[in-house]
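The chains carry the letters A, B, C and D, assigned in the order they are written, with residues numbered from 1 in each.
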Amino acid sequence: MGETEILEPVAELMEEMYVNMGPQHPSTHGVLRLMLKLDGEMVTEVVPYIGYLHRCHEKIGENRIYVQVIPYTDRLDYLSSMYNNFGYVLTVERLMGLQVPERAEFMRVILAELQRIASHLIWMGTFGLDLGNFTIFMYCFREREKILDLFESVSGQRLNYSFYRIGGMPMDFPDSFLTECKSFLEWFKQRLPEYDAVMTDNIIFQKRVQGLGRLDQKTAIDYAISGPMLRGTGITWDLRRNDPYSIYDRFDFEVPVGSSGDVWDRYMVRRREMTESVKIVEQALRQLPPGDIMGKVPKKLKPPAGDIYSRVESPRGELGFYIVSDGSEKPYRYKVRSPAYVNLSVLPVIGPGHLVADMVAILGSIDIVLGEVDR
Amino acid sequence: MEKLVERFYGAFAALGVSSVVPQVTLMVAIAIAMTLFISVSVMFMIWWERKISAHIQVRYGPMRVGGWHGWAQSIADGIKLLLKEDIIPAGADRFVFALAPIVVFAAAFAAYVIIPFGPNLIVRDLNIGVLFYISISSLAVVGIVMAGWSSNNKYSVLGALRSAAQAVSYEVPLVVSILGVIMMVGSLSMVKIVEAQQGIWFIVPQFVGFLIYLTAAIAECNRLPFDIPEAESELVAGFHVEYSGMRFAIFFLAEYANMFTVSAIATTLFLGGWRGPLLPPWLWFLLKTYFLIFIMMWLRWTLARLRVDQLMNLGWKYLLPLAFLNMGITGLVLVLRG
Amino acid sequence: MVPLSHYVVLGTVLFAIGMFGALTRRNAIGILMALELMFNAVNLNFVAFSRYLPVTLLQGQVFAIFVITIAAAEAAVGLAIVLGLYRNFKTINVDEIHLMKW
Amino acid sequence: MTTAHVVFYLLAAFTVTAAIFVVLAKNIVHCAIALVFAFFGVAGLYVLLDAEFLAAVQVLLYVGGITILLLFAIMLTSLISARGVRIMNEQVASSALVVIIIFGLMTFASLKGIAFVGPPPPPAYVTASLGRLLMTTYVLPFEAVSILLLAAMVGAIILARREREKD
């Protein structure tokens, strides 16, 4: 955060006034508080205040044994719980040097990519709301509902799945899953043009977001931006491709990038990533091998002393877990590098100079989830 | 209708009372009738909008209250709003706070005076007809600023100022787009305008004017592509954030009543008013008006919101010159025809 | 019909009220409002005379239209000046603005 | 006492009350709102004088335009919160004296100097003849006024524009 000046609640002038946006504001996507310094309608300064949803995630993690941390990771970025599980178990597995059976890897990828679609859908819907388009919200939630149905058939949960285990997966797919998943993908592919009709091809939408909140490549790298925000600037950096984990190196997919790093590019990157995720899921479903789903894991997880940092490409960017083990059952130090938090930090840079309405769009395009920002 | 009124006057004259009594009685009766019409049509419009939006969004909308497709939902909502506690924020200017919704509603209500629902089915065919609507609708802006200021809330002040700026700047293209029609008719009277559309509706020669009018009218109503004053993602709700219960209901009523008014004016000016085959005139008028309302709702549920500077650009840089061009060409054609 | 004198006296009353306001208000915007009142009083007289004079030539109404136009121009410029004053002095109370130079 | 009389007195009382409010109200926003009512009263009087067009213009311009401008200026200069502040300057007494003298003189002059004739029959269609007058006899002043408006608009924009700090 750095040091912030003490803001006066009532500005002397209307020409320069402070407006408090949030923590209870429909467009802050949770309990984020933004202090906006306004010059008329123009935002001259943005100061995000975070911590309203702080739950001592990391400290709790250090007081639980390794397996017990998994349910907590669900609550990090509660819109992509599968991916948080994925990242965490991957880290522990790497720390312990565990092997994961092939079928489990495929299951992980399928679920993770479905999760990415679901997460991007939510983002698209709420982004539409930010811009005043209500209909896209309902469309997106209709599709997300189907994904949640799939997840429910697999894990029994609709939001906080806790479905990944260290060393594999707890349960196999139910029998009906494969056909249901395939029919969903077919259906979903037909829905994508609908989104384009309502959002992408709509002239008002284009005019609203093009050239907005422009982020150049240097700033993006300086601020360690990752995920669609980084790819929007034109840098091809996707951990699934550049630092492959699990079995991502076996799939054929494109990494969509933008060119100017504005809100439009971020939108397009996410929109195209949905198509790519569909491709990955289709390939994985086709190649899904039979076999075990749980590797050989000791009853008591006691990783060797040492530390490890491992990262995955969550829907929001680089989700990293840093674990220091002292050889006991509990992590000695447990740290989460959450992409939403890091991406949010660039808001004071790209926010000023826009109108309040655009601030909302820019904030929306960062795609923050406060559970992850505050942890 | 006129005969009825004459008979009414005659009955009073026979009783030997001064002519003021039947005049006042008639005025009150018309006012009550208009209030009833506005309430019923607004309730219908709210229910209809909820149904339309629901079906656009693959939902059903209200289904329970009243049985068939939740037709009584608006009535239930209205009763709920009327019964709610009347909250006035602590820092508010009580008098202005209470006055604002009345001003806004009065403006919406007064405009119904000149709407010609059918031949002879008009409260008063003023000879300044259209101008009356234009001037009276500007009153609503004052009410909005009053509401925003008296709530003692930054957001509502900001929303009110935006609303005022928007209404004032879109009033100009609105008026200029109407001028084409007025020039063709040579009168401001609503009845004369409808009568002038005997052969061809003005939407054909004045298509550009119609489009400009519709755009500006949607902006005047603060509806979705132009609902910046109420943008809930930015301002939470605009000038009426602090209003609740009855007072909020009045704002809501005025908003929908306004929507009906602008559509009715568009029907009169461009779509031939009550003219149409087979069906009775008033039904034609309502059908056309509700068709325009449907278009407005349709737009609302498919488009995203404009930004405030884009809104101003559209109004001043595109609509206004286009409207002037339209007016100039209309004038030229009229002069050349002689 | 109401006699003309009623309108004329009403116009005078309004004019006097407006004048009082213009002379005593401290707030520059208040002064502008009082000025608008005076304009209205004058307009009322114009319109009344135009209605009551034997030959209805409507000159009075034409003049009233011109007055309204001037009033609009005056309001726009006046308010712009008020904004300028506020920006420089942080007040729009005219009796506090007595510097010739700063 | 005809209906016209009753309406006139009601409107006159309404207008004068509103005008007094404009001048005396403590809160400047209340003044502006009272001003709206005063304008409305005057518009009503115009209707009574068979000048409907002018009444509509009055409402359109004064209520829809000038009052909104005033309210904008008030909000922008944000003196709203200054509620307990003195609103009158020191010259209340002398102003009152001057105003009363002028009022007396004007009333005297207008009551003495005008020959009061009964009103002629109402004109047929005011709006059309008004338009014709503006476009024939008074076309030069009309154009002059429009240029004045343009100049005022440009002037107002230049005055109100704030120079952005160059850095």
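Here is the rule we go by: a contact is a pair of C-beta atoms (placed from the backbone, for glycine too) under 8 Å apart; a residue touches a chain by one contact, two chains touch by 3 or more.
In this text, all values refer to a predicted model and were calculated from it rather than measured experimentally.
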{"item": "Between C-D and A-B, the pair with more C-beta contacts", "value": "C-D"}
{"item": "Central chain of the complex, centres being mean CA coordinates", "value": "B"}
{"item": "Centre-of-Cα separation between chain C and chain A, whole angstrom", "value": "62"}
{"item": "Centroid distance [mean C-alpha coordinates] between chain C and chain B, Å", "value": "32"}
{"item": "Distance between the centres, which are taken as Cα means, of chain B and chain A, whole angstrom", "value": "45"}
{"item": "Distance from chain D to chain C - Cα centre to Cα centre, in angstrom", "value": "6"}
{"item": "Chain A residues counted as touching two or more neighbouring chains", "value": "none"}
{"item": "Shared interface positions of chain C, touching two or more other chains", "value": "none"}
{"item": "Sites on chain D at which at least two other chains make contact", "value": "53, 57-58, 65, 72, 75-77, 162"}
{"item": "Residues of chain A touching chain B in the complex", "value": "17, 19, 25-27, 41, 128-135, 137-139, 142, 198-199, 202, 204-205, 207-208, 355-358, 360"}
{"item": "Touching residues on chain B, where the partner in the complex is chain A", "value": "53, 56-59, 154-155, 158, 224-225, 227-228, 231-234, 236, 301-310"}
{"item": "Complex interface listing, chain B residues touching chain D", "value": "20, 93, 96, 99, 126-128, 131-132, 134-136, 138-139, 141-142, 145-146, 149, 157, 161, 164-165, 168, 171, 188"}
{"item": "Residue ranges of chain D in contact with chain C within the complex", "value": "2, 4-5, 8, 12, 15-16, 19-20, 22-23, 28, 31-32, 35, 38-39, 42, 45-46, 48-51, 53-54, 57-58, 61-62, 65-66, 69-70, 72-74, 76-77, 79, 86-92, 95-96, 98-100, 102-103, 106-107, 110-111, 114, 116-120, 123, 126, 129-130, 133-134, 138, 141, 145, 148-149, 151-153, 155-160, 162"}
{"item": "Complex contacts: residues of chain C adjacent to chain D", "value": "1-10, 12-21, 23-27, 29-30, 32-34, 36-37, 40, 43-44, 47-48, 50-59, 61-62, 64-66, 68-77, 79-84, 86-87, 91-92, 94-95"}
